[in-house]
Amino acid sequence: MLAAASVGALSALGGCVDEGGVLSLGADPEKPTVAILEDRSQTFALTGTPKYRATKLAVEEINRDGGILGQEIDVFAPDPQSDNMRYQDLTRHAIYQEDVDALWAGYSSATREAIRPIVNDHEQLYFYTTQYEGGVCDRSVFPLGATARQQLGAVVPYLIEEYGDEIYTVAADYNFGQLSGDWVRIIAEEHGAEVVGEEYVPLDESQFGSTINRIQSADPDFMMSMLVGQDHSAFYEQRLASGLEVPVGTSTNMAQAYEHLRIDPPALKDVYAGVNYMEELPTDRNEAFVERYHDRWDDDGYLNQEAQNNYFSVYVYKKGVERAGTFDQAAVIDALEEGIEVEAPEGDIALDPATHHMEHNMRVAHADENHEITFDAERKIEPAFLHDVGCDLTSEDEQTQYEPDAFYEEA
Amino acid sequence: MSLGSDSSGGLLAAVREPFEGPNTMGNTPAFWLGLTAAVTLLAAMPVLFGYYAAEIGAVFLAYALLGVSLCFIWGYCGILSFGQVAFFGVAGYAFGIVAINVPTLTGLTLGLLAAVAVSTAFAAALGYFMFYGGVRDVYVTILTLVVALVLYTFLGQTAGGEWAIGDARLGGFNGMSGVPDLGVGIGSVGLEIGIVGHYYVTLGALVVTYLGLRALVNSQFGYAMVATREDERRTEMFGYDTTFIKFVVFTIGGAIAGLSGVLFTAQNNYIDPSVFGITAAALPVVWASVGGRTSLIGTIGAALAIQFVDYQLALSGSEWALVLIGSLLVFVILVMPEGVAPRLHEYVVEYRASPDPTPAETPAPGEVHGGDD
Amino acid sequence: MAGIELLNFGFEFVEVFAFIVLATVGLAVIFGMMGIINLAHGEFILVGAYATTFAFAAGLPLPLAMLTGVVITAVFGLVLERFIIRHLYGRLLDSMVVTWGISLVMIQLVRIAFGNSAPGVGIPFGQLPVVDGPVYYLVLATIAVGVLGGLYALFAWTDFGVRARATMQDEETARSMGVDTDRMYMATFGIGSGLAGFAGALYAPVMTITPEYGTGFLVEAFVAVVVGGSSVIVGTILASGFLGSVNAAFTNLAGTFMGQVAMLVAAIVAIRLMPDGITGLLADWRENRGESR
Amino acid sequence: MGTSDPTVRTTPAVDETGDESSQILQTRGLCKAFGGLTATDDVDFGLEKGELRCLIGPNGAGKSTFLNLVTGQLEPTAGKIYYDGHDITEMPSHERVGRGISMKFQVPSIYEGLSVAQNVRIPLQQVADGDEFESRIREILDRFDLLAERQTVASALSHGQQQRLEIGMAMALEPKLMLLDEPVAGLSVEETAEIAELLREIAEDDGVALVVIEHDIDFVESIADRVTVLDQGSIFREGSIEAVKADPEVKRIYLGEER
């Protein structure tokens, strides 16, 4: 009773509190600002740094060409240091203190989930660009990276065709890995193949002796590797050392953390990655992009798939604002939901209004014994899964993440 | 916050009396005046700086409450737990599970109660297991840390759809998202607690817990705790059931940590396994060590100050926060093992004692200074 | 078929056993001799690993690079002992808190200084026949047994060992008999650190080297020390054997994660049943004949 | 000393001895073995209410073990302990204290970090009410000559003061039986005399039964009428101090031990 009474009093007091506070100095509301919260240190520095750089590059290019609606864009970009608590603090700071008009944030799905409640509370326009497990159907979130279904949909059928129909899955033991494992099963089923073994490895595991044993005794036609992070990258050297020769399909390796450049050949021989982009993509548009990127950042850091996603998504945002004629976030979201096409380094692609995802130019990247990359089987793949589950943000606002096991028997 | 009137003149010494004694510092009107001023200032933060201060500040206050839970068991009963975050996190998850499934006022109220009950029961079970099994000293410390790390590993792999309780997905490494805000009430009568309300609820919980623990540690049970900390075997030979005392203290500590976990989770609408991780587990130890493990107010101050500095460092993008926090810990233990607040208190007492002591400072009957170590 | 599985289990056990022994001995020496649980143990291992990979990258042959790792870690341990740890003898809980602080600082410093990963060292010696796994794991197991034997020889047969055990049993008496206990502690801490560095060096080729490298050893190490109790060699062998077989069995049955969990649960139950560790129980059982407690 | 099988004597001591009115402490066939070594071997001990008994014997005779068995710090291997006519063999330590057994350890074991007043309050609050604490603490400190030190941290007290404080703390529990393990070890002649005086007072004025372990035979003579001599875990002699002193066998075991 005491608690109830004091809560009553407190909420009465709360009513007097102004959102900005008596002393608060808000950001200049006239100047459009975007936040780039990408990891430049600690766990995800390797993949986060190019994301930050490519976003910055895009904003600078736009500003040089006269900005958006004639206004220069300010950037708020502290380093969240791969720490989700920091992400939460910085997201709040970006929303309250910087009053940002759009937010790019986070490499891992965990980061996205950590800040999504804050983003939703404030209806903050948020671009999440990592290739991810898929399924986010959320009014203020635009997950523009390829989904697991898009990436695996590129590589799994290709390998079934090339090598045969017995698949062994090894994936990181967390959300992304588990859902990717589900997708491999679904796609295998759709193509008449079979998953003969499946294994989920803790994120901090770096000894794959027993895993390799089990793969060898299962003797699959090819294996799918959805391993992620530093510790897991030890797998490839151990695979080489143990003489495991089954071809490897992946949605996680090479395009993001450029294992083919960091690990000595031939550890990644016959690794096939389903990707929408890699720096090595031999098109004129991409080569020009890569050159601009390296000129701007003046070192030989790898330009990864996610960085490209960040880059084109800034242009998606620009088109949205221009179509809306205002930086007002609700208006921009509505404008984006009318559909946007963009000339991305990976090719011409379009935003899918209903799901806030992109269709992507998917291809299979193959590493040979010298870790040279070649591309094959290019085709456009739509974000089909969310359509199947009935996500249509143009007609109904949602803040959900759908998962395949509820919709496919095989999962 | 009715304290304002009590502390002003020392007229209501009788009201202060249960909160004072040699087991806590600050048994003077000046202290209570200072405390009131500090609480008033904290209460004014959202008014001065808006929702932003309320959102950020509520997290700091929840941390302070977590720090208090460790200070209480370590500083007063000598049980060093490296796993207070286990109770914090378990309660956070428990609240999330109930609240996501029943996001009504009744459900939220139940969620709060159930979560604190779960963390309390968990602490009781672990405490029973350890203390009645003769586990002591470093073994308790290691065991509690291992429990936190086991939870970290366990919840990290609950990504699959089978790890759902009703509508609540444990969510593995990505954490549990969509946890509703706090609410209190039954049926349609009650209050949903928004951003600012949450700040005041957290502040209120901290103040009430602080005062409650002050009263507890200065009670007969508090003496028994302190005696157990000082010399367990001796205390047993004075007829105290020290095993039971440790068990009770550990359980209360778990309950407080659990409450802070609920407040933290409801504030962020989110919880993930990193709350059980080794860095998170270190923080309460840092706050209590730096602030003073035998000083509740010192621990609260240290938690607020350290987290504020950490936040500022994060904004500036500096990577040095953890280095600073770790070094601070080493430095404090080496230079002033008792912590900052007890050391300051000593200076204050000496300062008052050395020149001509003013009559106002003569200790009230029943007050014994210098008992704090 | 069953034969192969048995072999696989055996190999798995050897692998885990060697890992726990090597991860633990450094910590066990320091705990057994000085009663200090060094929570920065994982970061001592980290120092050994980094020193090894950088020495290797600089062109030293692997064995020499590993030796460099050991020496650098031992020196590092001695420096820490002189400046910090020495002030904490007899302050059990404080020493844990301080070493925890050191651990936080070191992880972050390594991150700032060397970024998120270090150059790799390939696994030497190639593949085993029959059971699939690198020969190197058998080398590690042999080294683990060698380290235990070496420690036994050190404590049982050398003058240092006699003094060390005297200090361990009764510091006052040892001092009165002319043992420089301060130096004994320093030497012990140096040996413990060197052994930690050795573990880091030996696993540098197998595990990816990141700033959190040490954390991968930490849980196994202190669980084994606590389960083993204060007798360094016997405790380490028994605890590693016990935990290793639980881990290997459950890993084979239900995967890596269950192996880990089963091992930790077994450890918790073991501590509950034997609050002073396996060797504490043995000691109670056999030796406790003092009149007063 | 009767049959060597302690299990025979499972009936309550009161029935067997028939003198329940006077005996505060009895043990029957009390044994304690550590591994292969028997520290206490088939001890039948009896103590009258208000009696002051000294327990002597060479090092390793089992004296401290015996006290620890009575206080419940150790569990007997066999045998029974009766206190005030009740079987307390299975009772946990703290409950025995609640029944009125209090103990003074060999090394002064006070709360070194706490003030003298706080030290006394800890046992005191087991028997007194809140509003009496202040006056009772004063009373006890006054009696044990520590009133001036009431605010002092106990670690700052002299050795003699610490011994007095500990006896004061044991007395704060208002015990019926107090066990003291070498209460004058390391004390000066004057301090020893003070303690002797205190102990006699406690036995005579407060009616507390005392068991005192002591080596110093002069001190024993100054406080006790009867002594029990332990050797190798068993009761070797029991009787008046004069008789025991005169016993050549007692001399022999002492000389054999202490050389």
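Per-chain numbering from 1; labels A, B, C and D assigned in written order.
The rule is simple: a residue touches a chain if its C-beta (ideal position, glycine included) is under 8 Å from a C-beta of that chain, and two chains touch if they have at least 3 such contacts.
What you see is a predicted model; the values in this text were computed from it and never measured.
Steps from chain A to chain D, taking the shortest chain of touch contacts, total 2.
Centrality by C-alpha centroid: the chain sitting nearest the overall protein C-alpha mean is B. Of all chains, the one whose CA centroid is most distant from that of chain D is A. The distance from the centre of chain A to the centre of chain C, with each centre set as the mean of the Cα atoms, comes to 39 Å. The distance from the centre of chain B to the centre of chain C, each centre being the mean of the chain's C-alpha atoms, comes to 34 Å.
If you average the CA atoms of chain A and of chain B, the two centres end up 38 Å from each other. Taking the mean of the C-alpha atoms as each chain's centre, chain B and chain D sit 43 Å apart. Residues of chain C in contact with at least two other chains: 111-112, 215, 257, 260. Touching of two or more other chains is recorded for residues 41-42, 173, 200, 202 of chain A. Listed for chain D are residues 73, each touching two or more other chains. Residue ranges on chain A touching chain C, taken from their complex, read 41-43, 45-46, 173, 199-202, 204-207, 209-213, 216, 230-234, 237-238, 241-243, 263-264. Chain D contributes residues 71, 73, 92-95, 97-98, 102-103, 105, 109-115, 117-118, 121-123, 125-126, 130, 133-134, 150-153, 169, 173 to its touches with chain B in the complex.
In the complex of the two chains, the chain B residues touching chain D come out as 22, 220, 223-224, 226-227, 230-231, 233-242, 365-366, 368-371, 373.
Of all the residues in chain C, the ones that touch chain B in their complex are 37, 84, 87-88, 91-94, 96-98, 100-109, 111-112, 215, 218-219, 222-223, 226, 257, 260-261, 264-265, 267-268, 271-273, 275-276.
Remark: chain B residues 80, 82, 129-130, 133-139, 141-143, 146-147, 149-150, 153-154, 157, 278-279, 282, 285-286, 289, 319-320, 322-323, 325-330, 333-334, 337 touch chain C in the complex.
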